[in-house]
Structure formats: structure tokens, C-alpha cells
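Below, each structure is written out as C-alpha cells.
Look for chain A in each of the two complexes below; its partner is chain B in the first and chain C in the second.
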Partner chain A sequence: MWIYEKKLQYPVRVSKCDPMMARFLIEQYGGADGELSAALRYLNQRYTIPDQVIGLLTDIGTEEFAHLEMIATMVYKLTKDATVEQLKAAGLGAHYANHDRALFYNNAAGVPWTASYIQAKGDPIADLYEDIAAEEKARATYQWLIDMTDDVDLQDSLKFLREREVVHSQRFREAVDILIQDRNTKKFF
Partner chain B sequence: MNQFRVYCPFIGPFDPCPPIREKVYSTPPNLFLGFQPPGLPQFNAHEALKLGTLWPALYSPYPGKQT
Partner chain C sequence: MEEQYYAMLHELQAVDFVLVELNLYLDTHPWDTMALQQFNEMAQKRQFLAAQFEQCYGPLLNFGHSASPHGWRWAMPPWPWQV
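After this line comes the complex of A and B, so read on.
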């Protein structure tokens, strides 16, 4: 089970009225390498992974939900006061037609989230390598998002999220190290 | 360590747009650290929250697109 703390992992401040940026940020909400994919991927893989690294997947999967909440906050702030005309001008007319200003799990091109974005192969090495790749792809996505805005407050939160991807990748690499070492074997040198 | 690498793609004589001569990509410290050794230096709590990591050895600043 989880305990919910009613605050964001890191503050989100948006200083520029820029509904089009919401459209790009949604990539990290419902995109293939987004936070929803990450959370569901890790929290599902953890059942069939060796005991030593279950806790890591639980912790990182949980943190991904905290990141999802930060992205949702950014998107909400950028769209909640936008007029219909502003939404249309920002390329969100199709979104408005379907969802009003509600958030939805789709990527920047409007493609809805699908479970085929994630994998659970049951092979610990295959799964952890997928997780490392997912973290690097999410890091790259954050880079491109940082490049697409000049709002320094938004950039600040995005840089925090990018750094977390770097740390997560490191931890998954360490998990692979743990699993490939044959720690029960006596070694004679 | 420099956390970015640069390469120079081929520039053709008939390319339609002004060339970007140098392409830059990120090589963050997790690629080099290996299994993190115990006892590494830490940021203080306030800095760690701001930067997103407790460990200077894993800190990866991103200044925005270089080109």
C-alpha cells in the first residue's frame, strides 16, 4: 500500500502563459517514455525480479507517480485559464473537442497511452535493460522540453526531473551489477 | 568531466538549409560511475533538493541546447 503526502516532490511554478507548452509537456504524461509508462512498468516488473532488487523497483516506480503529479500540475496550470481561442491557437483544439480542459493520457501528438509502451519479459536482465533505456529516453525528452521553453521557473522543475532520470538510470545499472555477480560462489584467487 | 560530446556531421554542398556544423549530445555521469562506492561526498539537504540528487558525483547540469 501507499501513503500519500499532499505535496509535490519538488515545487512547480509556471511563470509564462504558454498553452502550447502544455501540449508538448503531455509527452511526459501519457507518452511512451513518460512518467505513467515508467511507474506502471516498474511496479509491474517487480513481482518477477530477484529479491535483491524488488525494493528498488518499488521505490522508483513510486517516485515516478510523484513525477507524474508534477507534470500534471504543469499542464493544468498552463491550460486552466486558457480561452477556447487560445487552446485552438496552441494546437489543442482537437483536445478541447474531446476533453475540454481535462488532462488525458496521450502523447504530444494526441495518441492515447497504450500498454504496449511497456514490457515485462520476466527475464531480469532484459527487464532491467529496458528500464535503463527508458530512463535515458525520459532524460532526453526532458532535455528537448527544456529547449522548447524560455520560462526559467518551468525549466527549473524540468531540470530537477531530468536529474532524477540520471539517478534512476544509475540505480538500475547497479541493480544489473548486483544480479550478474555470482555472490554465492566461493572465489579462489 | 565534460558531460557533453560533440560530433561534426557531414555537410553536403547542396543542403537546403544553413548547416548546423556541430551536434552535441549529453553523456551524464551515470554512464561512468559504475557501482557507486560508499562514502562519496554529499550535497547539503537544501542543495540536494534543488539539484535533484544528494551526490555531486551524479549531478548533471543541463544548460539547454548548445547549438
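After this line comes the complex of A and C, so read on.
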């Protein structure tokens, strides 16, 4: 089961109301390589992955939910004081018509989240390579997002998230090595 | 929120960052005794800091993983996105 902790993994501060940036950040909320996809991908794959890797998928999957909460906090803080006129000017008129200022799981282009963003092949190497690719794509997305804002407070939180993707990718690569090593020893002894 | 809230929260977040890092590292390096020792030391420090924070600002965890000695503060603001 899961227990909720009433704190963010890392502080999220924003220095201005910026609904346009919120609209771009939603990519990491409900986009293909976003935090929701990441959490659901790993926590679903773990049931059929070899024992040596279940702990890692459980822990990284759980951490992704903490990242999802950080993105939600950014979007909330960037839009909570925006007027309807400001939302419309930021390209969030269609979002406002459907959701007011509520968050929703869609990408930066407004396309709703879909389970086809994630894979589960049941082959441990295929699944882990998918996970490594997902982390690298998320890292790249964070870089584009950092490039799109001049808000240094927001950049600080985004840089933290970018670095987490680097660490996750590294751990998944080690998981691949562990499984390949294991397969080789089984073959020869 | 007052200055102390952010200071105590920050201290806890810093220790938790070390713990997440060590946790994921140990997932793929379970025989690293140095890392394991660091993890156990930090886990103890974490417990101390969390208890201190909860004393001032209420429970951090739901479902009884934190006690609630001063009234039902769990469901009261501030929530993480509000600070």
C-alpha cells in the first residue's frame, strides 16, 4: 500500500504568475514522458520483473508520484492568480472552458493522457530499455522547459527534476547489467 | 507560514534527499556496506527531524504512521502546494 507524506520532495517556488509556462509544464503532468506515465509504467512493470529489480521499480515508481506532485504545485502556483483574460492570452481559453483552473492529465497541446503512452512487454530487458528511454526523454523535456522560462525559482525546481531523471536512468542501466550478468552465470554453471 | 516552518522543512527535505539517493543506490548495490551504514545513520536522523517538525506543525503521515496528539491537525492546511 502507499502512505501519503504531507510535504514536497523538493521546494517549489515561483516568482510570478505565468499561465503560459503552466501550459507548457503540463507536458510533464499528463504527457507521454511525464511523471504520471513514469509512475504508472514502473509500478505496473514490477509485478512480472525478476526479483532483483522489483525494489528499484517500486522505489522509482513511488518517487515519480512525488515529482508529479511537484509539477502540479508549479502549475497551481503559476495559474491560481491569473484572470480569465490572462488565461485566454496564454492559450488556456479552451482549458478554462472545460476545467476552470483545475489541473487535468493532458499534454502541452491539450491531448488527454492515454495508457498507450506506457508499455509492458513482460520481457525484463525490453521493459528496462523502455524505462531508460523514458528517463532520457523526460530529462530532455525538462531541459526544454528550463530554456523556456526566466523564472530562476522555477528553474531551480526543474533542474532538480532533470537531475533525478539522470539518476533514474543510471539505476535502470545498472538493473540491466544485473540481469544480463545473472543470465550469463546461469548459462555457464 | 513563518520562517521556522521553511527552515525545518528544508532540513528534512535535505536528509530525505540523501535517503532517496542511498535507497535507489542500494537497490542496485545491495552489498555496499558503507552505503548501508550511511543509510541507517541517516534514517535515524530522519526520524528525529520528522518528530521535531511534527511537534510544531502536525502529522506528516496519514493512517496512523504519525500520531496526532494536539487535535486532528492532519486534515488542516497548509498542504504542500499551498506553501
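Assume the second predicted complex is superposed on the first by the 182 of 189 C-alpha atoms of A that agree within 3 Å, B and C clash if a C-alpha of one lies under 4 Å from a C-alpha of the other, contacts with A are read in each partner's own complex, and residues count from 1 in each chain.
Criterion: a contact is a pair of C-beta atoms (placed from the backbone, for glycine too) under 8 Å apart; a residue touches a chain by one contact, two chains touch by 3 or more.
Just so it is clear, the model here is predicted, and its values are computed rather than measured.
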First, second, both or neither for A:72, with chain B first and chain C second: second
Which superposed partner A:10 touches (first chain B, second chain C, both, neither): both
Touched partner set for A:147, first chain B, second chain C, both or neither: first
Which superposed partner A:109 touches (first chain B, second chain C, both, neither): neither
Touching partner for A:162 - first (chain B), second (chain C), both, neither: first
Touching partner for A:174 - first (chain B), second (chain C), both, neither: both
Common interface positions of chain A, toward chain B and toward chain C: 10, 167, 174
Touch list for chain A against partner chain C, complex: 3-12, 55-56, 59-60, 63, 69, 72-73, 76-77, 167-168, 171, 174-175, 178
Residue numbers on chain A that touch chain B, as the complex places them: 10, 139-140, 142-143, 146-147, 155, 159-164, 166-167, 169-170, 173-174, 177
Parts of chain B lying in touch with chain A, wherever the complex brings them together: 26, 28-30, 33-36, 49-53, 55, 58-62, 64-65
Residues of chain C that touch chain A when the two form their complex: 6, 9-10, 12-13, 16-17, 20-21, 23-25, 27-29, 58-63, 65, 74, 79-81
